[in-house]
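Labels for the chains are A, B, C and D, by order of writing; each one numbers its residues from 1.
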């Protein structure tokens, strides 16, 4: 069992070795699509999936994601990027061009509630979440045995607000040592410092256990219960310095009723939290997300 | 077409002439159900549907709704009530016992947006919403023709904050003249005074065009757009003096994405608003709602 | 009220007078997108929305829908089409290029159940369904008053299986006289002959009151009740000669439970039927549907 | 980690040691509820949750589930049953009276696809599924390591149609040795013989990977793909001798679109299968299900 995902990731890389993904964000203007598709055509690329969006027909922003196959990949990846640079300059683009085979190195942070971690590990194990999970980090030891049963490294870094700086130093060192691309806060109950967040712009995904912006902050289920809502939700979002205010990636809800206690809400919330987080993480792993003005474009 | 609903309501009354509904709220204690069912048994009542709920096994509140058929109805309705009074006293109950044939006299208030009014009228016309609609009241004339095409009285009472008192006097007189049981605010954009609200405790249902408590107040769709949410919602609730803070009856949501403009959110919101309002109104009309501590029990 | 939608449609046409829609279906091959976007670029067109899909990276079919604004529209619509013809020939395309301002002339067929008709009329009246409704045709007179209250022509054509041929002749004449683009069967309970269907390929949309292919044929709600399903559904689809076997456009479901009688299922079904039909009709009106191998691509 | 669920189950038993559940099915007639509640009253029982349902006001079947707390439990459980027997006889009841502390001994059967097994194990491990899992049985060894990492016994019984009889003899012996109450077929791909099924009436729950009765039988996702459906589903049901025809417990669906391949449908189906199965299993474990005429009442 333990080596299964590694083999799966290898098979995925092999299968997608000629698959590239191009993400673009720029001021809208005539000729963008035409230039991009000519570039791909010239590079023997076959478009597999293409999505675009313009904020506003006039004076708007243009966004595009193209997944393509090119016989030049993976060898000429760097060359393709250089080549595309001049088009990007012409249209003043923010952009990235990467191989789908470049599976993201991922770290999962978790505290005592393990349902989100479990979901991610199982989706990963069954090959439905394509990540190169390098570590699970926790301020508690509750998940140590679980993580290690999946053959993954577990790091226990006890934390409290007095030693936050030292804790984050340890964490940052780990993230750097393993060259982490994506950090998933799978019910990690410690606040991150502005420095930590600033070091990973739109590379940290959190799950909040409410339908934001309702019940921002602590104890959302208790407050949902007190308000007598008929639906509870969960929100996955990129972390910015404003608590629970970062760009929303995905939300979903579950129906509750008057019979449900605060504990029932927590229990039912767990189902929707783990699904909303896993969905958001998958979209990031597949480079389907572009952030614009504190919102996400999901392609 | 015009007389159709009246005939339908007559047929409904005839079909349900022996159907009664008993609603109970009291401190939980042993023997309640036993006493109630003995009372019904003694009165030749056959239970059609029964629901109960206790807030807490110890020291809680007990709620019950029973729909029954009794050959003593409708003639002995008053007698049944008198008879039940002594049980009610024993257990310190708030309660009501009514005939299902006693269709609620209903007033609909509306302003310029007509989608909720239309839904209610169509559901009523097709016999899926059993109300005795006595009037539609508006501060505008946009819906006059629509309302009258359904054979219903329309009252135009222009309004603004300077003449609120006079407006409400006119409205209150109408409500009294027609002996109205239920007021539905189907996107009525005027604020009601505390006096008006206090005169109709848990008899006014409003639709709010957001998933409360998110986006309480004005312009929820604009604010939902700005926040970049992935779902928008609607909430039907009883009106109390705290704006958008009354007991929630029903909520639902619809998925949106980055392509949707504020106008799209409004358009998509209309679908869910009309459904959430109609559902809440039906439950009230069927006496399925009990209010407790600013929440609703939905039986 | 009556003239409202006509003004709305006029306003819509005015607002979209430079908006065009290009739909393409052809064998996948390199260079398609590049050629199309160059064509648009050359014609001063700004892409508003673009969707594409390929059935299979190798040896597949390619589908595309582009909505664009061009200052050459509406005057040069014919010229644009001629111009595009040579690209279309190169890539062996099935295609259409039309103005969004070319609102589809629509006929609605209905029998005795009116919920779907009502939904379409209300969505149309509130400007959320952009159709030029030319007529409502029925084999009964139940909806006559309703239809005429919306200011629309109503045609009563009684029908039974013995006079099917004569009935369809009358209907075909009407459809031809009004140059109808789209026929909506809004719970029209007569079977159409193969000739009638063949004369309107993928121009007839039907609503079936089950989640196809479950409960194909008659009495789906009775059969759903007997089977004890926990969800019931509805399906809108294009009509082909195989009963209930045409390309599915949209489906949705609603939860039911053991307490629901066959009549309850019918009632709950009505809510989902009208929504599923309206959604499908809107997509067709916006040219969002491409049929391929008895399936629909929904852009 | 391994001993966690056992402690949890112990804690659950301790917490619910005075909680009983009464299930009743009998011909409807006056006086049932009254007699039952008097019985409970006499036995110092406090009703926590009560549900009832009558198929038809006249000449129907009556169903009831009551969850109660009584200081006489668990000691006088047998005495309560004896006591209730005379009421049951009077009303010709099928019934059961059990302690909630009597956690069901459960066996899970699985083949090569493990997503449903994983869901059950994780829900069980987090205390959201209260079962006493005695064994996991498989005709393959794929899940051995997974099962044992949860501290549970795994039995590998290879199977094929030639040795079905011997295989079932082994299985039946295991089920008998461990006194199993509930068998869950979590994607177990072997057909059970009529004898095996007959030995466990309404004690075997299966998950079918379609929205029954659509796509009954093999390869539902391939057939759903070919038909071009817009939703796919899953169904949990009790197993009877008619393949996929047993009483439906729960169903749910997930939206798909034209871009989704057969493999995508399988992947998306897995999410809904595991949830639909887990929900059905929980309801059985909580004695919320009564079977009547090939349907389930879910209380």
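Methods note: a residue touches a chain if its C-beta (ideal position, glycine included) is under 8 Å from a C-beta of that chain, and two chains touch if they have at least 3 such contacts.
In UniProt terms, the chains line up like this: A, B, C, D = Formyltetrahydrofolate deformylase.
Not measured: the values here are computed from a predicted model.
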Minimum number of chain-to-chain contact steps, chain B to chain D: 1
Is the number of contacting C-beta pairs greater for A-B or for A-C? A-B
Compare the CA centroid of chain A with every other chain's and tell me the farthest one. B
Can you compute the centre-to-centre distance for chain A and chain C, using the mean CA position of each chain? Integer Å is fine. 38
Using mean CA coordinates as chain centres, what's the chain A-chain B distance in Å? 43
In chain C, what residues contact two or more other chains? 49, 53, 259
Parts of chain B lying in touch with chain A, wherever the complex brings them together: 53, 211-215, 227-231, 233, 247-253, 257-259, 294-298
Would you pull the chain D residues touching chain A in the complex into a rising list? 1-2, 49, 114-115, 118-119, 122, 125-126, 128, 145-146, 149, 259, 267, 270-271, 275
Which residues of chain D touch chain B in their complex? 28, 30-31, 33-34, 37-38, 40-41, 44-54, 57, 69
